[in-house]
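The data blocks that follow each hold one structure.
You will see subunit A twice below: alongside subunit B first, and alongside subunit C after that.
Moving on, here comes the complex of A and B:
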């Protein structure tokens, strides 16, 4: 852009009386409901209720995902249930440290830090804490990018139970946790998507216009 | 200046766009092919016109679609243990939840690894192909592109691939494994997807759609 990196105060579409579209950038009249170019629903008075709701649902679904078995392995009549963490420990005992780390990062570290980051961002916006927009936006970007990768463990369960089945010495079946874990990931992805990043750049929190 | 701006709307709609991530007003257009226009506040890429980017996206999407068909229907792993051999395709993996309480999960997994990626690729081809030839956008191209954008986070082919790798290690102790053709198709698919996504700038496509459908 021609006037990049200038120090003049930034004029936002909102301040200029327009309603900018989050999908295509088109300026819409402030009373429009959907964008005139792409047809996306316009978020005008951005509120955080949907974010909190999806986040709460995600946290609730994450609890049974860790308590109940993810995998049910039956070897020659013996049945063995393993939770997410137990499965990772088992991998580490087999000597596959790298893969154990991938599983732990994808199914424990990523979801938990995602809960914390979304909650932190929502609180800073609600309280109007003066945190720099750039820093918070980086956090938001990372959370949005990384969220879908927590699905790895669900897919692992799917692949294992497809391959190791009837007529074989061992059978692997998905446990209840696979279901609630998938739900948890979906809910937190929705929470991140419902979070409007433009809120992070408003200096004094969302104005109740 | 800002105080007056709030009441009188002096800013013309033409030639300006709002940055989707920080809402700052930016001048649209006037970016040389090959260069990138960044938002002056947050640095989000606002336009990245490239010569024949549309053609490249169409080609790559078509490639990805073919690779996906291979990845879905060919066996991607072969397990043999205790004299029994079993082949598994991606389709089998998706359908493995089809019994009992986990039935809804079947639908979700099938959607994430097969239906949504395939739908998104088809939509991209539908939107881009007429424009790559320099024609007017196809009917409902705008709606199709919006849908493909909404699908983007939910198409998880590359996540599935890491899942395959983890499953390989887990199962290695139980049985002997052979990697099938579909596995390599999946690897290629992920690479093609990454390249295709780096070629595509969402806002540039929207500006092009806007200009072409108006004239």
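Moving on, here comes the complex of A and C:
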């Protein structure tokens, strides 16, 4: 790939109207609407609508996730609702900096950066901003990889509420936020998945050509 | 070279995935709107102290169901109160009336038990209670310091009790009906201007049905020990009422009528007093008044009567002193709280205190006054008397705000009864009662000994047997054929018996004894001791006639001693067996008579019997004379006594001696009556 940059401009398959299948990788003729091998619908135009849609849904779901209580803890008849941020602050106040940091990273930093990264990638693709090296692709890979870890919060809630059920003494129940947070994570993952990384290279084509 | 296909329209190009965020937005907005819409109404509750209330955590509960959460705890503008702002569920907030009660539930350990234990772990909460009212828009309330004793919306009846003091009346203490808690009391408060305290009590439905005008309340707190004719009585209430105090009530009569509004009852110190109060008649409708006196009220106590024209119309419920300022002078006035019964004053049954007050107000204007009066002829106890004195200066029934109305009084001139009573007691004390009593006792015991002797008791039996024999003899055919002589004998006997019956008291005894003595020859020897006594008596009589008091006393004493000796002497004691023996002899004669069957024999026997009967008649004739003399002696002695004056020891001695003689005679007369009773009925066949 490194020497690809130094080579002479060549006619790419895309420029020739050929289209590769995202599913099986088969190169289809320009007039084919469906992959001849796997029957998948071919995506010829850079379509980012789905990405934007999922991303929007993710952001929308992320708002109640932060406003509503994540955990509903009843300890000896005393009920306490805690939102994500409030829980993290409480943990920090109790001195558990490590746990507080993990919670903050997993449920605030990662989702928010995911939104930003996906939005950035989508914008660059749409506007056809020039690519600077492999930065954007790396960003995409990180987002793809890290996205599932956001679910850690949801898992914690699920496990806690399953384990801590001592009726009077202590009970933990998931709040509304847990549900919407899970939805938010799922939506962003779908957004990332719907993002065709080839588009990153596509934009580069016309500029270099 | 490559033709780009015509760009599809924006809408056609739109991906269906957009539905997802739209849906998410719609749902989020829906949730947001709903939570805003469902957001409760903010109310403010003002507390003196909001210990344990935490913003956004402390719940507000109605009947233990959360209806809201405290949102903010802050101070009032001048830092004097704590304002607790709470969000109350919309539907509930609209029904909270202005008089809703709010209080903070905290764990509480008291003698009545432990309450609010759950708050130890869960933290305090704000409890509310109210009678729902629709469309209320009150948003600010005053919180209570403690849970109200009376929960709004509880069915029941509220009554007021008047007690002497609030010593054992703890707020919340139980009201018991036959040992079951049916309510509780509230904090006692002082009655302004009079003795005692008011205490409100609440009796829950359906127990309030038990409350009638016949209900009486008493204090059950602690132990009660009473000592009376029925012995020692120890009353112990239930444990809670021992610790916190408590009151009980019961209907003391079946004639109770339903209560009106604002019923007032008297709280008695114990059950006995409460039950006996029916008689004194302070009832629920009683009008309470204050009476002020300028004079000493010694002898006037709580429970003293209030009389109106001699009739008990009420009771004094307390006496106290009160400093009043009268025309620039500071005076101490004695004050008595009284309760008047409207019915006793002659108002219609069921009349309330107000009716009586109006009545009294008009009466006072026309001269009705209260006055102290002695309760009894002797003794210092006082009562309050309501009297009509039209000539007195005009006065009014004075109404005092928040206190009892004051009934005007007049000064009463009370004699010093205690001095008189003391003098009387001293005189009684000087009487030689003990000596007289001792002598009487010794005489009585001697007499009792004689009477209780078996042989004495056997006399009636023997007499009866004798008479039985006689009856058999009379029913004998041969006897019936006897000439008129027999009949005359029998008539004689009957006459004797009639005279026997006619005699009364002491005479009868002596007559009986004398007759029997004369009839039976054997008896005469034994009773030789009797005549000396009689001679003694005669001697006494002689001496009395000569009015020689000293000798008379001596003689009387010796007579008594002689009588005593006579009674005690073995001969007298042996008299009874001798009497029985004589009777048996007669019996033997009669049976012989019956067995023999010869007319001559019968005739002889009858004539001798007639002689005997004649002798008996003679003796019987003599005896009343003797008795008469004895009576005269007594009469003369009494005259002598009166001549000597009321308080001479001689007289006392003499009187006691004579009384002893009479007592002895009475014992004998009883004996005679016993002898007489059965023969009579047998002889006359009925």
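In this text, the second predicted complex is superposed on the first by the 170 of 209 C-alpha atoms of A that agree within 3 Å, B and C clash if a C-alpha of one lies under 4 Å from a C-alpha of the other, contacts with A are read in each partner's own complex, and residues count from 1 in each chain.
Following the convention adopted for this analysis, a residue touches a chain if its C-beta (ideal position, glycine included) is under 8 Å from a C-beta of that chain, and two chains touch if they have at least 3 such contacts.
This one's a predicted model, so the numbers in the text were calculated from it and none came from an experiment.
By the touch criterion defined above, A:119 reaches neither subunit B nor subunit C. Once the two complexes are overlaid on the shared chain, A:86 sits clear of subunit B and of subunit C alike. Of the two partner chains, subunit B is the only one that A:25 touches; subunit C does not reach it. With both structures placed on the common chain, the touch criterion links A:57 to subunit C but leaves subunit B unconnected. Applying the stated contact rule after C-alpha superposition, one finds that A:154 touches subunit B and leaves subunit C untouched. More subunit A residues lie in contact with B than with the other chain of the pair subunit B and subunit C. After overlaying the two complexes on the shared chain, residue contacts for A:13 are found with subunit B alone; subunit C is out of touch. Look at A:187: by the touch rule set out above, it reaches subunit C but stays clear of subunit B.
By the touch criterion stated above, A:101 is placed in contact with neither subunit B nor subunit C. Taken together, the two structures place residues 17, 176 of subunit A in contact with subunit B in one case and with subunit C in the other. Residues 1-2, 5-7, 9-11, 13, 16-28, 30-31, 37-38, 40-42, 46, 77, 79, 81-82, 84, 86, 88, 92-97, 101-102, 104-105, 108-109, 112-113, 142-143, 145-146, 149, 153-154, 156, 159-160, 162-167, 169-171, 173-175, 202-203, 206, 209-210 of subunit B are the ones that touch subunit A when the two sit in their complex. Those residues of subunit C that touch subunit A in the complex are listed here as 2, 13-15, 17-21, 23-25, 28, 31-32, 57, 118, 121-123.
Listed in rising order, the residues of subunit A touching subunit C in the complex are 17, 47, 49-50, 53-54, 56-57, 59-61, 63-64, 76-80, 176, 183, 187, 194.
Contact residues on subunit A toward subunit B in their complex (touch as defined above): 1-6, 9-18, 20-27, 37-40, 87, 91, 94, 96, 99, 102-103, 106, 133-134, 137, 144, 147-149, 151-156, 158-165, 167-170, 174, 176, 178-179, 182, 186, 189, 193, 197-198, 200-201.
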